[in-house]
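The following pair of complexes shares a single chain, subunit A, combined with subunit B in the former and subunit C in the latter.
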Partner chain A sequence: MLTKSSFLYFLTLLLFKQRDKHIGTISISIVIIFLLSSILFISSSIQGSIKIALESQPDFSLSRVEAGRVVDTPVEWIDKISDIDGIVDISPRVYGRYFYRPKEESFLVVGVDFFDEQNQKELKNLIDGIDLKDFFSRDSMLVGEGVKEFLAEHFYSGDFSFKTPTGKFKKVRIYDTIPHQSNLISNDMVVMPIDLAREIFGMSEDLSTDITFNVPNDSEWDTILTKLHLLFYDLRVVEKREIAKAYSSLYNYKGGLFLILYLITIVTFMLILYQRYSMVYSSEKREIGILRATGWSIGEIVKLKFYETLIVVVVSFVLGTVLAYIYVFVWGAPLLKEIFLGGANLKNQVEFAPTINMGLLSSIFLFYAVPLFGSILIPVWRIAITSPKEAML
Partner chain B sequence: MIEIDNLNKVYNDGTPQAFNALKSINLSIDDGEAIILNGVSGSGKSTLLSIIAALDKPTSGKVVVDGELISKLPDLHASAYRAKSIGFIFQHFNLIESLSVEENIYAPIVHIGLDIERIRDMAKRVMVEASIEHKADQSIRDLSGGEKQRCAIARALVRDPKLIICDEPTANLDRANSMKFIDILSRLHSRGKSIIVATHDPLFKSLPFPSRVIEMEDGVIVEG
Partner chain C sequence: MIKQFYILIVILSILIISVVWDYMRYDRAYSSRVVSSIGYITGLSSPSLSVSYYEPRVLMLDSSINTTYPQMMTIDRMDFIYAN
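Moving on to the complex of A and B:
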């Protein structure tokens, strides 16, 4: 068809013969689409990771507050909480940041009851690959990727000794790492049996850091909260949906900053293109004038330039998104990852899971294609409607 | 047959810079006739050619070609008229520099729906007619003035138009190339084409074919 249709033949001929003109546009377009795609791929992947990481988390966590300060929560509260209808899977948790003083780094130690039904659900991904008999044969822990790397750098490859409040050291075996997909949250986390965590933090058996529970009926959440506040005056409740919002806001904020930078870049680029096609690029104007003078109508000129731009847009879009895919999902987005995930205590080992959908690709295409078409076709149309005599000057 | 009736063209109409380029022009051109529009620069020759070729619109008056009022045509029809009926040869050739000779020649007809082989055949035919076929693949940038002129002639002939319009066609040519151009015009005239040439080149005062000389001055026909 391409060889038969003279219009398509002429179109490809113009693209090839005027490739120098298009290479500049395509190159800049690829860079812009690459940046936009990378930002959106990272944002989308982070949102996906947050969703996965929070899926297994309990709906609520509750802790005691004294004079506005969060303190250890009595385990006996569990009995009172379980009296409230609608609450299920109640479980105590022990956690806290453990500071490794020589390097002034810290990681989050989380103690859980591995045999508790609720915890088994939450830790399904972790427990699945574990030989529990072997795990409990010695004091053992599971560590996030960041913790593992940090400890290895300091020659703790098989085990690590925690300093307890009594000044003694507690040696704990590094049993395994926490799976990659939850790295966004678990990167600097250490998971161990609850009694071991209590020993490390010097907590008695009747205390926990907080108590977690689920409320399967979403519409009951506010009622349950009211009942809890009536039951305990010294209470602080954190909802899972609040945590999800906090994480989303954090990464949306960073993505938003990049989108503003993208908008500034694209507006500048489009203005340059608009200027170029409006008047500065006189050979383009002359070419339109010549075609008009030899019998091309305004519609035919716009059609030619539309297809020319479409090819430029499609080539740039495909190359830009493919490069962004490789950069984000194969190479792990060096530089951009540090900007998005920077500020974490330990170097984050997050691997972005590919989460591309048609909506995302369409958004990228529209974000780029519409302004590009506008910035080229509007001046082309304006030249085409002027007298061919003037355009040829 | 071309009928021009009380044609006026005012540039920057309604402004202090208004300039009356054509004043009450009345002219009738028969089919197959050759017209030489003579006059100094600024006398209105090019403006008159542009209006006849539907490249420009008059301020008032009428241009009727073969019964069709072309001075008021909307763009689509004006473009079709230019494509089918007019072969325009410009003073500065107006060729697309990035394309070859052959590509420039078929550029005006690639949008009409014919397949590329047919279009290339049409281009080859007129290249022979304009004696430029040996430069078919050459870039416009590498051509001499005379070769560019012949390429422009071939492009003007590619749709076999009835009317050939030339605006100062020999202004950028030496005498030898000017004579070659006149020779080509002569052949076209013998084939029954109507020809209108705007020029102040004295070579056109003794053409080898019958022609009517019209003198223009300050936008007015003063003789012919």
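Moving on to the complex of A and C:
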């Protein structure tokens, strides 16, 4: 019977003596854990940031539908909607894509009613030290980091000239850049006063892209929807809760897809390991036979292999998740982020807010550790229970 | 335990501590404030999808221009203006 310290000495000595054997297992495990953790980190970070943005979004957005297509909504609808009890904060919203034909790229132009006091307050929250007087003194806009970089590359450093549907150019000053922390939402955004946005889109003053409003009492939501459908027959209402559900199912689906791929990979890897340990002439078999012949009990051999595997599991898991953390939250997940955000338009320079879900990490650990232990300890035990002479043959 | 194993433990510990330190020092309050403000001002929470012009950019609110043949863009008034 070995003492505790001599057992540990023998275990660590064996690990480093047979490092070539373990390096292979650890390397493959690191790659698998890294890929899965990266995908799940990106997915949970996006969902976390969207949840924050969604909380400040209006409860409902309403738009006009014509022949199944969403068209501009008349601003006069606001008066009719305001007659319904329980509805507050009704405001028109103007947004749309501006296509920059020379490079075939587009920006999302959003018109905001900056005369609203709450919007002004949020604007000050967004841009530290913004001088509203100066901002309104001439046609100005705030641009996302992606837009800023794109315009700078095309020599628009201070102003940009939008081509309106009338064929005229509208020169707008680039006032400031929206902080990069919100790039996930605002990378391709151009925020400007609502009237300026209407001018750029060639939209008349009595039209808006849609109308937004809040209903503070959640239990009234369904009644309000019914009232709206009785008031207008050509409308589409999108609820905030529907959007929240759509986002979570979309990103869970993308993360889940990778989880399935992970399971397939891990099962294949475990089968290879199982095969390696149970091979008739494997070095493992000979090693276990020698230990049995020198007086080791079956329990001690299984214990030795258990701790050996535990070290391999912990090292692989720590290295895999740490590398995934650095890749996603420090380097911004180049390449993999395109699975979630695309890469056909402006370059997305997203900064993912570090989000570590301990439940998720423990699940990854369990999904990895349990099959690995199984695929190593079962053949080890089967060899250990045979006679040493037979095992060494 | 042998010396190399101690070194391995130290390296892994340093890695874990660095990650925890980076995680703790991230300014979540400012980041949340900025995301919340842009969400409030624009009323949009859709992630900034880097998609082609004919694909939906604002999830749930936008629809693609031509879903059957997404690679074909429909001719609109703007095309004639740009042609001039």
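As a working rule, the second predicted complex is superposed on the first by the 354 of 393 C-alpha atoms of A that agree within 3 Å, B and C clash if a C-alpha of one lies under 4 Å from a C-alpha of the other, contacts with A are read in each partner's own complex, and residues count from 1 in each chain.
We take it that contacts are C-beta pairs under 8 Å (C-beta built on N, C-alpha and C of every residue); 3 or more make two chains touch, one makes a residue touch a chain.
Small disclaimer: the values here were computed from a predicted structure and weren't measured.
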(request) After aligning the two structures on subunit A, examine subunit B and subunit C and state clash or fit. (result) fit
(request) Quick one: classify A:Glu287 as touching subunit B (first), subunit C (second), both or neither. (result) first
(message) Looking at A:Asp210 after the superposition, I want to know if it touches subunit B, subunit C, both of them or none. Which is it: first, second, both, neither?
(response) second
(message) By the touch definition at the top of the document, which applies to A:Ile298: first (subunit B), second (subunit C), both, or neither?
(response) first
(request) Scan A:Val110 for contacts with subunit B and subunit C and give back first, second, both or neither. (result) second
(request) Check the residue A:Ser362 against both partner chains and state whether it touches subunit B (first), subunit C (second), both, or neither. (result) neither
(message) Looking only at contacts as defined up top, I'd like to know whether subunit B or subunit C touches more of subunit A.
(response) C
(request) Identify the partner contact of A:Tyr9: answer first if only subunit B is touched, second if only subunit C is, both if each is, neither if none is. (result) both
(request) Would you sort A:Thr268 into first (subunit B), second (subunit C), both or neither based on which partner it touches? (result) neither
(request) Name the contact category of A:Ser137: first (subunit B only), second (subunit C only), both, or neither. (result) neither
(request) After superposing the two complexes, find the smallest distance in angstrom between C-alpha atoms of subunit B and C-alpha atoms of subunit C. (result) 11
(message) Quick check on the output: what are the common subunit A residues between the subunit B footprint and the subunit C footprint?
(response) 9, 13
(message) Help me check something: in the complex, which residues belonging to subunit B touch subunit A?
(response) 50, 53, 55-56, 75-76, 79-80, 82-84, 86, 88, 90, 94-99, 103, 106-111, 113-119, 155, 159
(message) Quick check on the complex: what are the subunit C residues that touch subunit A?
(response) 1-2, 4-5, 8, 12, 15-16, 18-19, 22-23, 26, 28, 30-53, 55, 57-61, 63, 77-78, 81-82, 84
(message) Quick check: in the complex, which residue numbers of subunit A touch subunit C?
(response) 8-9, 12-13, 15-16, 46, 49-50, 52-58, 61, 63, 69-70, 93, 95, 97, 99, 101, 104, 106, 108, 110, 112, 118-119, 122-123, 125-126, 144, 146, 163, 165-167, 178-179, 181-189, 191, 210, 212, 238, 242-243, 246-247, 250, 314-315, 318-319, 322, 325-326, 329-330, 338, 340-348, 350, 353-354, 356
(request) Would you pull the subunit A residues touching subunit B in the complex into a rising list? (result) 3-7, 9-10, 13-14, 17-18, 283, 286-287, 289-300, 304, 385, 387-389, 392
